[in-house]
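One structure is given here, and the rest of the page talks about it.
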Amino acid sequence: MEQILSLAATNLLSPIILSFALGVAASLARSDLSVPEAAAKALSIYLLFAIGFKGGVSVSAHGIDVKLGLTLLAGVILSAVLPLIAFALLQVMTRLSRLDAAAVAAHYGSISIVTFVAATSVLESSGIASEGYMVAVAAAMEAPAILSALWLISRSGNGQRMDSTLWREILLNGSIVLLVGAFFIGWATGEEGLEEISSFVVAPFKGVLCLFLLDMGLVAGRGLRERSDVLRPGVLAFGLLMPVIGSLCGLGAGLLLGLSSGGVALLMVLSASASYIAVPAAMRVALPEANPAIYLTLSLGVTFPFNLTLGIPLYVAVATTMTGG
Amino acid sequence: MQTHQAKRVEITIEAIMQSRLTEALLSADVTGFTVLPVLGGSGRSGAWTRAGEIGRASGMVQVICIVRPEKLDKLLDAAFDVVERHIGVVTIVDCEVLRAERF
Amino acid sequence: MQTHQAKRVEITIEAIMQSRLTEALLSADVTGFTVLPVLGGSGRSGAWTRAGEIGRASGMVQVICIVRPEKLDKLLDAAFDVVERHIGVVTIVDCEVLRAERF
Amino acid sequence: MQTHQAKRVEITIEAIMQSRLTEALLSADVTGFTVLPVLGGSGRSGAWTRAGEIGRASGMVQVICIVRPEKLDKLLDAAFDVVERHIGVVTIVDCEVLRAERF
Amino acid sequence: MEQILSLAATNLLSPIILSFALGVAASLARSDLSVPEAAAKALSIYLLFAIGFKGGVSVSAHGIDVKLGLTLLAGVILSAVLPLIAFALLQVMTRLSRLDAAAVAAHYGSISIVTFVAATSVLESSGIASEGYMVAVAAAMEAPAILSALWLISRSGNGQRMDSTLWREILLNGSIVLLVGAFFIGWATGEEGLEEISSFVVAPFKGVLCLFLLDMGLVAGRGLRERSDVLRPGVLAFGLLMPVIGSLCGLGAGLLLGLSSGGVALLMVLSASASYIAVPAAMRVALPEANPAIYLTLSLGVTFPFNLTLGIPLYVAVATTMTGG
Amino acid sequence: MEQILSLAATNLLSPIILSFALGVAASLARSDLSVPEAAAKALSIYLLFAIGFKGGVSVSAHGIDVKLGLTLLAGVILSAVLPLIAFALLQVMTRLSRLDAAAVAAHYGSISIVTFVAATSVLESSGIASEGYMVAVAAAMEAPAILSALWLISRSGNGQRMDSTLWREILLNGSIVLLVGAFFIGWATGEEGLEEISSFVVAPFKGVLCLFLLDMGLVAGRGLRERSDVLRPGVLAFGLLMPVIGSLCGLGAGLLLGLSSGGVALLMVLSASASYIAVPAAMRVALPEANPAIYLTLSLGVTFPFNLTLGIPLYVAVATTMTGG
């Protein structure tokens, strides 16, 4: 418990979290502070490239784990199953329509790569090692949740448009391609490659993350300011409860797989986090009648800040305790 | 200078639907169009701005097609199919064009 | 396809005045509009381009409102109040729209 | 509100030709115009998008001029000289303007 | 004197100043070199974040000075009073209308954060210490000048629109919020936080400043090329004289407050510098009839380059001499 | 031979080349991965500034070589003569119209600065020194080729518009001004200046190059996907043969001039590379009837990747062998 609290305190006072808080505060105060769209996208390209590359280098250093395949499979299953749990929970806790509930559920099966990045940086500061291939697992967990949600909807007789174009858009969306591509580049070039570009991908990483989270805070705060009316008590409670449930599923899977304590923590983080880029885009195409205000506010305005501030230290503490790490 | 009658159709639509719209246009034999960026807007589904978005889900674009009057109906049918279930606005204006052989 | 008469109003105005304009529009019951970015321009107060600016003081935007004809006068009154003392241009075009129930 | 008849000319042209076009406009006594960015488009010379370009060779812009009706012909002559050998589209729409003394 | 000259020479031959000169030269030669708007804004976000953060860290290291409050107050007073001096001077030296004169005056009471940043980098190179809270003083000096200028205008019976929205826009403008926010983040996380992100906020700082000043040079040069006809002799002379007068006011205040030599120099720089972002925006709303060509060309085309090249070394030399540093 | 192969292998497995390959692959797979226009332009500004600056510093360290003037002259002559060779070759190898052939020829006389940058980074990794003023030679080689191509066209009676505005646009285009300007800044500030900003212009350089090449790969791949129908066998063969011929001309000139092995390699690279920014822009103005699909696809889709992957190691190996380096 003490460990959790101290980790949480350190986490809360890191420049990374405070930058996010600054963004939220600026938005709520209606400041015109904003990060240009192109700059925000450039920062995310940097983060995806760096995290993928470093994951690949780490795999090249430690060799492929026999667990790689199993962990990928576990990720896919988690991503597919979590929406079912989320959907059931939403039916019980909220009065959302089946359509809105299915759309929200898709977000919670999928993942938030920034939450993952923030977690890796906490692990690093605490000196806790993790499997390099977890970035590949993150990529694998993006899409299956969408399929589950659409299946939920089709069962209830609602039509939806799931064409091959959309499949390509989801599976080859820029974030996945960049993350996986950088992972393979890191794997292929190894420590030598890392040496060449480490003053780009390693040294300034945390600082870039600060600015990116500043922007995330601005967007999340703006969403809360403008759309917080969708956050009825039941919906809000779901946004705080679901990540905890997700993390427990991730914990179970991680322990079964025998991952390192860092690996378990990251699988918990992935399961606990909710998408706010890939899945909303897919939902706009496939379920345009679902209300974006609900899923965006929940995912970006509630679950993301919860994971960033309290969730990550909690998951890390639980993972290290349970793995005896 | 010699000008010719034409129709100018402007379709404001979610960016994520752009490729679907332009494919529908192509299949209706509309091969000419221009896409403008949109900074923000407001409508029945609320207000949004590009600065307040993460990712590409909710940004919008404006697609402009200039067509001969006789092609208008086919264009509108094709566009309507795409915008029907989505948010978006379609306007049609009478215009004149130079170099009519291009349309 | 069934279309309906409407008015398309395009207001080019300094970016810094945008929120004041859209608030005036809202207070005139105009809840739908689209904002386009502007790269540069020229007028009585000289030429400018976005590349030549620091900060947000002199950039411009274009606000487009599509309204039923009967709402036009109220809209113009509201817009005029805001642009009166500022640089900017207002044009009105007759247009047709799909899905008239939206306006 | 009192409005006045005018012409709204929209010229879609390669960005590299923009300065040549606006110089031609100035030499035709057209001192007011607004330039909008263009994200992409399609025409007889194929499709392009801003994301698919390196450098400034093939991006496009849209230049909008609002002029009194009697100035239209001179404007079109000037514009035609520039767009003649280049890709690009010119449309003319009837519009009304506020504050006619500005045009 | 020798010290001034040598400092000026070093300053003039630094990559930072030469980058600015390159920008001016490219613009005057009508090259199409330009920094995309989004990139320029991203650079300024970086600079504000870094300078605010480092200021906060320095305060956390040295503890709060009893002088913090007094210096903030002095800054506010300087910002409010300098426009009155500027206005009187403009009435004497130029034939500007009262409206244009008041608008120009507002700019000279407020500050240029890039001039401040350049000065801190000169101090650093020369190994001269300064109070970390000077960045907070910079933030405090942005707005009061606007109030003074509007008061000047209202006295002469001219109407102007000063609504609550404008007040919020001025006080919570993005630059102030980011600067002050980063300052508090730096203060809260201290040396430990700095260590985490120093390879982002410290190492590349000067290089980023070079690119930013390249862009400033491009914009300033363009303004000079297109609008230099507003620079009648009297107006031009004002643009060179006013910063010197401002710096003397800053010197007096700094000595009275007993600031360190670096602190005195920075207060001189703040008083000498003129705004070209926040105040122009406020003037467009409140005094749309004032001619932007005049105040932008003066502030960005005359006073900014003067301070950057000659002013800063002069102020630093005077400050170190007067404080016996 | 062995050396070539090993250099080629190292080159192919560097993060830089793999990033380019990732971009091409993502485009061909129709992923929506893209680098925002403003970010790509910002990266190129960084690269031009850094490469120019470092070139200048190196000149300041080693003093001006008597060969500087001669090498510049050689560059201008190469740029002017290579289009004639290219044009003749195109007449023989392809069925392109005279207009299209002249437009393509202009591209091959001019240069690709990114190819040059990639080559300097290969030289650096291999510890091969080169003359710092080669960046000035690169700048000098941009424009003459355009003149030659227009002369070819005017001979065949075709009209074209070559006005003074276009000349200014070509000679003062942003890339040239920035490259040459940064070169002079580096020269003026020397090692001292480098120390000030080396953690900006040196440390992250290769990483930035990776992201830039990722974008180049995306654009090149997109061009290949959409416009590869212009790549008739003859045209394609030209795109692979011409760089080799160009490099041989560069080799001859470099040996005659007595450049260092690195300098010879860079002159080969410049001669072998084809423009895809400055020349296409000039062609759109001067020869709007020429088909951009042909020259862009050839230069960016064929010759650029060839040089990047196989060309550079080949040229470096030949240069070191021939200079006995």
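Note that the chains are named A, B, C, D, E and F in the order they appear, and that numbering of residues resets to 1 at the start of each chain.
Methods note: a residue touches a chain if its C-beta (ideal position, glycine included) is under 8 Å from a C-beta of that chain, and two chains touch if they have at least 3 such contacts.
Protein names from UniProt, one per chain: A, E, F = Sodium-dependent bicarbonate transport family permease; B, C, D = Nitrogen regulatory protein P-II.
For clarity, every value in this text was computed on a predicted model and none was experimentally measured.
J.: Can you give me the shortest step count from subunit A to subunit D, moving only between touching chains?
T.: The fewest touching-chain steps linking subunit A to subunit D number 2.
J.: For subunit C and subunit D, which third chains touch each of them?
T.: B
J.: Identify the chains adjacent to both subunit A and subunit B in the sense defined at the top.
T.: Of all the chains present, none is in contact with both subunit A and subunit B.
J.: If we define chain centres by averaging CA atoms, which chain lands farthest from subunit B? Would you check?
T.: E
J.: Write the angle of the rotation needed to overlay subunit A on subunit E, where the fit uses Cα atoms and the result is rounded to the nearest 5°.
T.: Subunit A sits rotated relative to subunit E by 120 degrees.
J.: Have a look at where subunit E meets subunit F and say same if over half of the interface residue numbers show up on both copies, different if under half do.
T.: different
J.: Just curious, how far off is subunit F from subunit A if you go by their C-alpha centres, in Å?
T.: Computed value for the inter-centroid distance: 41 Å.
J.: From the mean C-alpha coordinate of subunit B to that of subunit D, what's the distance rounded to whole Å?
T.: From the centre of subunit B to the centre of subunit D is 19 Å.
J.: Between subunit B and subunit E, what distance separates the C-alpha centroids? Give it in angstrom.
T.: Computed value for the inter-centroid distance: 45 Å.
J.: Residues of subunit F that touch two or more other chains: which are they?
T.: 32, 34, 36-39, 42, 199, 203-204
J.: For subunit D, what residues touch not just one other chain but two or more?
T.: Counting only residues that touch two or more other chains, subunit D contributes 36-37, 56, 93-94.
J.: If I apply the definition of touch given earlier, which pairs of chains qualify?
T.: Listed by label, chains in contact pair as A-B, A-E, A-F, B-C, B-D, C-D, C-E, D-F, E-F.
J.: Give the list of subunit F residues in touch with subunit A in this complex.
T.: Per the touch definition, subunit F meets subunit A at residues 13-15, 18-19, 22, 25-26, 29-39, 42, 125, 199, 203-208, 210-211, 214.
J.: In the complex formed with subunit A, which residues of subunit E make contact?
T.: Those in contact with subunit A are residues 36-39, 41-42, 45-46, 49, 53, 168-169, 172-174, 177-178, 181-182, 184-186, 188-189, 193, 196-197, 199-201, 203-204.
J.: Tell me, which parts of subunit C touch subunit D in their complex?
T.: Per the stated touch rule, the residues are 12, 36-44, 49, 60, 62, 73, 76-77, 80, 83, 89-94.
J.: Taking the complex as given, what residues does subunit B use to touch subunit A?
T.: Those in contact with subunit A are residues 14, 16-17, 19-20, 45-47, 50-58, 85-87.
J.: Okay, in this complex, where on subunit E does subunit C touch?
T.: 34-37, 40, 161, 165, 215-216, 218-219, 222-223, 226-227, 276-278, 280-281, 283-285, 288-289, 292-293, 296, 300
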